[in-house]
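Letters are used for the chains, namely A, B, C and D, taken in the order the chains are written, and counting of residues starts over at 1 for each.
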């Protein structure tokens, strides 16, 4: 049973690989957040996510005033008051955390996004990568798989690379073969990882270039944890990149904030 | 095409009769074809070829167009794989691959019979292939490759373009082009006369050319009215009456009357501030080929206050050209008009100090004239000519006018690429973008 | 005389040893891993033990598959396309078209009198390869074998529109969320991949008899879907994985016999196996 | 660079950095450098105007980044590469650049250049699609326009005598290149396809006189040229989209085969290899002679060759008209097999492929179709395909 008399708002961001949720209070302070793999069903993921969140916050559904869902899987979620575009949610979320940020980079599993945000947290321009997984974050998952290392270990590997291999971002699945044969040819794991990081960074920068970079700029989503990728991105960008403490939940957080606004309007 | 429930867009009454004659004349051409009247397969040729064929009484049909039809009726899949199986590279124009599949089916499997599954009456074996070098290469390479499957005689309308701003502005250069193409058309006519064993009716040709120009003039006036805020006519209405302007479907004289009515209705709306959507929050333009399969999308967007005020440059008549009527020779008249069509927006852009030589020019000009808040750019996997300029255009619109654009992915034959949900999912974010750039334009001292 | 074929594919590494009658006297199949040279040595040892032969008793060794250049003891490298064609036609002399669906590549082979005459391969995009099903299998926590069987239960398959492995994942998750029966989803996946396969292979104009090889050939669901789309029955070897290695061995045999008949001596490479620590 | 270098040594040296060499020449002679991108602009005009014609190449090793910002993937990767390099300033050293409407992608590329690359100043050469008398007249007019643009750029005009002289030099060059190709008729060929491309790309970066000198030296040295192949191997012809880097040829020749002749833009098409008389007449209306020859002799499928406007059409005759010269190539160079190469999104070659294949099938010549991107990194996957093709030619 939660602290009665209070109102809580929840934002859930159901992605292809991971589902993230945030509960905030009236002051838009984060009460609890949770991240879990989406598995094979968006609906189930959303349900599990909800109960986990309530547990963590010690609340019940009754305590929730408003639920907003966003992300690829949001159409499959049934228990929400409102569905909002992830682009808008990301903008609101980052703006609450870092009001000065003007560009947000989000490297997703399927598609990547770059958006401009104004001081009010409104989207002022955005671009989404084309429908080919060539330049998507999935490539890192593939990489980790082939090398038999954890996603989180990739960063450490790549920053130790002396001379990164040049890859061309083709189908992420193909890159796998390329990687395997490179290992066979005796290339260093470090250089391979660094090479993939570079090629992914290049792809993202292409995207940024198409709408331009407004500083300061922040990166959200899972890949923000990958220090190797970040390093390469910074180098190629020649700019600092802000990384929120919990980059994965920024969009969900934004959804929750939107929920609160919609609630107070009604 | 796709089942529409919503009816948010206020469609114009006067397009119904126009639509009717378009369908009527389409069916007539099918009938004529069935009765064995000579049929020519044509590339869209921006009227220079069509008027000639109509004047000498040959039915023009457009495999490009038919590609869209096959896709809409779900038979394209079959034709595409026939084309692939015959060793034709899959990165080529989707419409052409559909056509190759169709022809393989007709000529190899059915010995010249129209395939039973062919939608809307199919395309009968032609007596002539009329290729064109305008706009893109497939439009002549495609027909050349058809020689693999049928021995149909072919003609190519060779139309070089002024490729630099200087040449667009240089009368002598354009004159030289006109001389070249007029000569080409004369040879075409004598070739036709030999092929059909009949003479060209020059008076009829003359009338047709004038009727076309008049029809286009009115159509242009209608489009001028659409500059009004709020906009009285939605892109959907233009798309449904476009065939009478682009393919000259239906007797132009008849179309003229109906276009006059269309003008009246649109004018009435302007005078009474009637808008084509319930509330015009955003004015948009659309480039280039419409998603025929998902037009319902525009109803959803209309609900959000998106009004599409101008679209598809290739379907539009240009601003009327001065003193064409003085020109004796109907061929020269139509050819001059043809080059006017391809150059006048470039000249307009130069007047605006933008200097745009590519086919982005019309949209650069329109963005200002129609006070648009945003552009929807429809990039197509297998259509180079409608896609190649889109990035440049988006960049220019932003740089010159601070007008943002929304890119949507689709294809001309594989409709599964286009996702209405994706577009709607982005709509919200794009609205915020459009609002933001309104302010930006004000800062730049622009008036919309 | 003995002849060996080593086929290092993107997912499996196979070796086959045949005798002068052309009969298979030993074969080994192991998952491909990064250390291909070691792997090659290891399976060679295993195969030799099976047939209890020593490496020097092998008259000719041909390496094939995309890892063919990592087989230190091979006498010659030959492309997997030629080898598959040979292997398949050894098993089915009547074959005209062979479809090999590997982990990441997809091949269509046109065969005439046991000789490769034309072929097509996928590139740029891995749609229509075994990887597609692998990704789906571990998304659904199922084994590749299960996929086949489960799909047979399907009454009405769903339409999976994205050919791209990565985007299809999203579609599957949506369908599952809509409570679509899993067998229908899987059946849908099988048709999606079969569609890609048939599309590609039809570019070399398919003629019967048609043989399907490669790991995916073990998936009855896909095989049925292919038959459906082709309108032909297809043949599947009992061990669809080894046709490449078998073909390689046979080519080796032909080379040696040809040379002998012409009285030429046969140049063979070094017959030394490298040290391999067997850490698995 | 040491001045006394000649022949193959010189080629190897210049090949490493043609831009450095040509800048050096500009420094010495003050001649301006005018870049060109396809085989249609008559180099005679550039030479007559006392400029250095410099063939602009893409870069298969430079990842396309800027270019992808402004050109979508439906534009062929070669043009995207050129635009990319331009945006990155690779061509700033040029005093002028000639784009041409040789194909759709090239045309669009030129337009994008106009709108987003300021340097160097450039011209877009318009080219008709047919070869009718009227088309030739128009092309002549276009060439006059081009001449005018060039003279304005240079601030000086040139006389018809200069043009005559230039034509003679280029006639000579076309002849020498023919003889270079003759070296490849031997079995094994005296020079590989890779070397041929190197030599030609070097002479395309130099003034015609220089180029001719080098060609003569190379022809002399060819006999005792060290690296000349000893082993026999399958003799291949490569047909299709532009190849301006040896990357692809190396992959083929590493497999023990030789590219003995080609029908591609940088090499044979630029020099009208198919023509028995590659000489432009030096009498009469020189501009008209150039217009006629360049429009007809450049064997690029972007030109509508063959029968239009004939009442009776016949596919076999059509193929014969369009591809007859390939038959000569095959017999003269004893070609075993043909590689049909069309860059992805190259329309003019893409549509041609099935027809060329039909023609080769008629002749009973095996062929394979490849469709790579303009990017060295995407080539290795072709190795297997090429090897398999060579195996189908062999007795395996």
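Odds and ends about this structure:
We take it that a contact is a pair of C-beta atoms (placed from the backbone, for glycine too) under 8 Å apart; a residue touches a chain by one contact, two chains touch by 3 or more.
For clarity, every value in this text was computed on a predicted model and none was experimentally measured.
Note on connectivity: the fewest chain-to-chain touch steps from subunit A to subunit C number 1.
Seen from the Cα centre of subunit B, the chain whose own Cα centre is farthest off is C. Contact count check for A-D and B-D (C-beta pairs in contact): higher for B-D. Chain centres here are Cα averages; for subunit A and subunit D they lie 47 Å apart. Subunit D has its Cα centroid 36 Å from the Cα centroid of subunit B. Inter-chain centre distance (subunit C to subunit D, centres taken as mean C-alpha positions): 41 Å. Contact of a single residue of subunit A with at least two other chains is seen at positions 75, 130-131, 170, 210. In subunit C, the residues touching two or more other chains are 66, 123-124, 162. Those residues of subunit D in touch with two or more other chains are numbered 69, 378. Taken chain by chain, the contacts link every pair, so each chain touches all the others. Residue ranges of subunit B in contact with subunit C, taken from their complex: 81, 84-85, 87, 416. Within the complex, the subunit C residues that touch subunit A are 10, 32, 34-37, 66-67, 70, 104-105, 123-126, 129, 131, 139-141, 162, 164-167, 169-170, 172-174, 176-178.
The part of subunit B that touches subunit D in the complex is made up of residues 86-89, 91-93, 96, 131, 133, 136-138, 140-142, 144-145, 147-148, 151-156, 158, 160-165, 167, 173, 176-177, 179-180, 183-184, 187-188, 191, 194-195, 355-358, 360, 379-385, 387-392, 395-396. Taken together, the subunit D residues at the contact with subunit C in this complex read 373, 378, 381-382, 384-385, 387-388, 391-392, 396. Across the complex, subunit A is touched by residues 63, 65-66, 68-69, 73, 375, 377-378 of subunit D.
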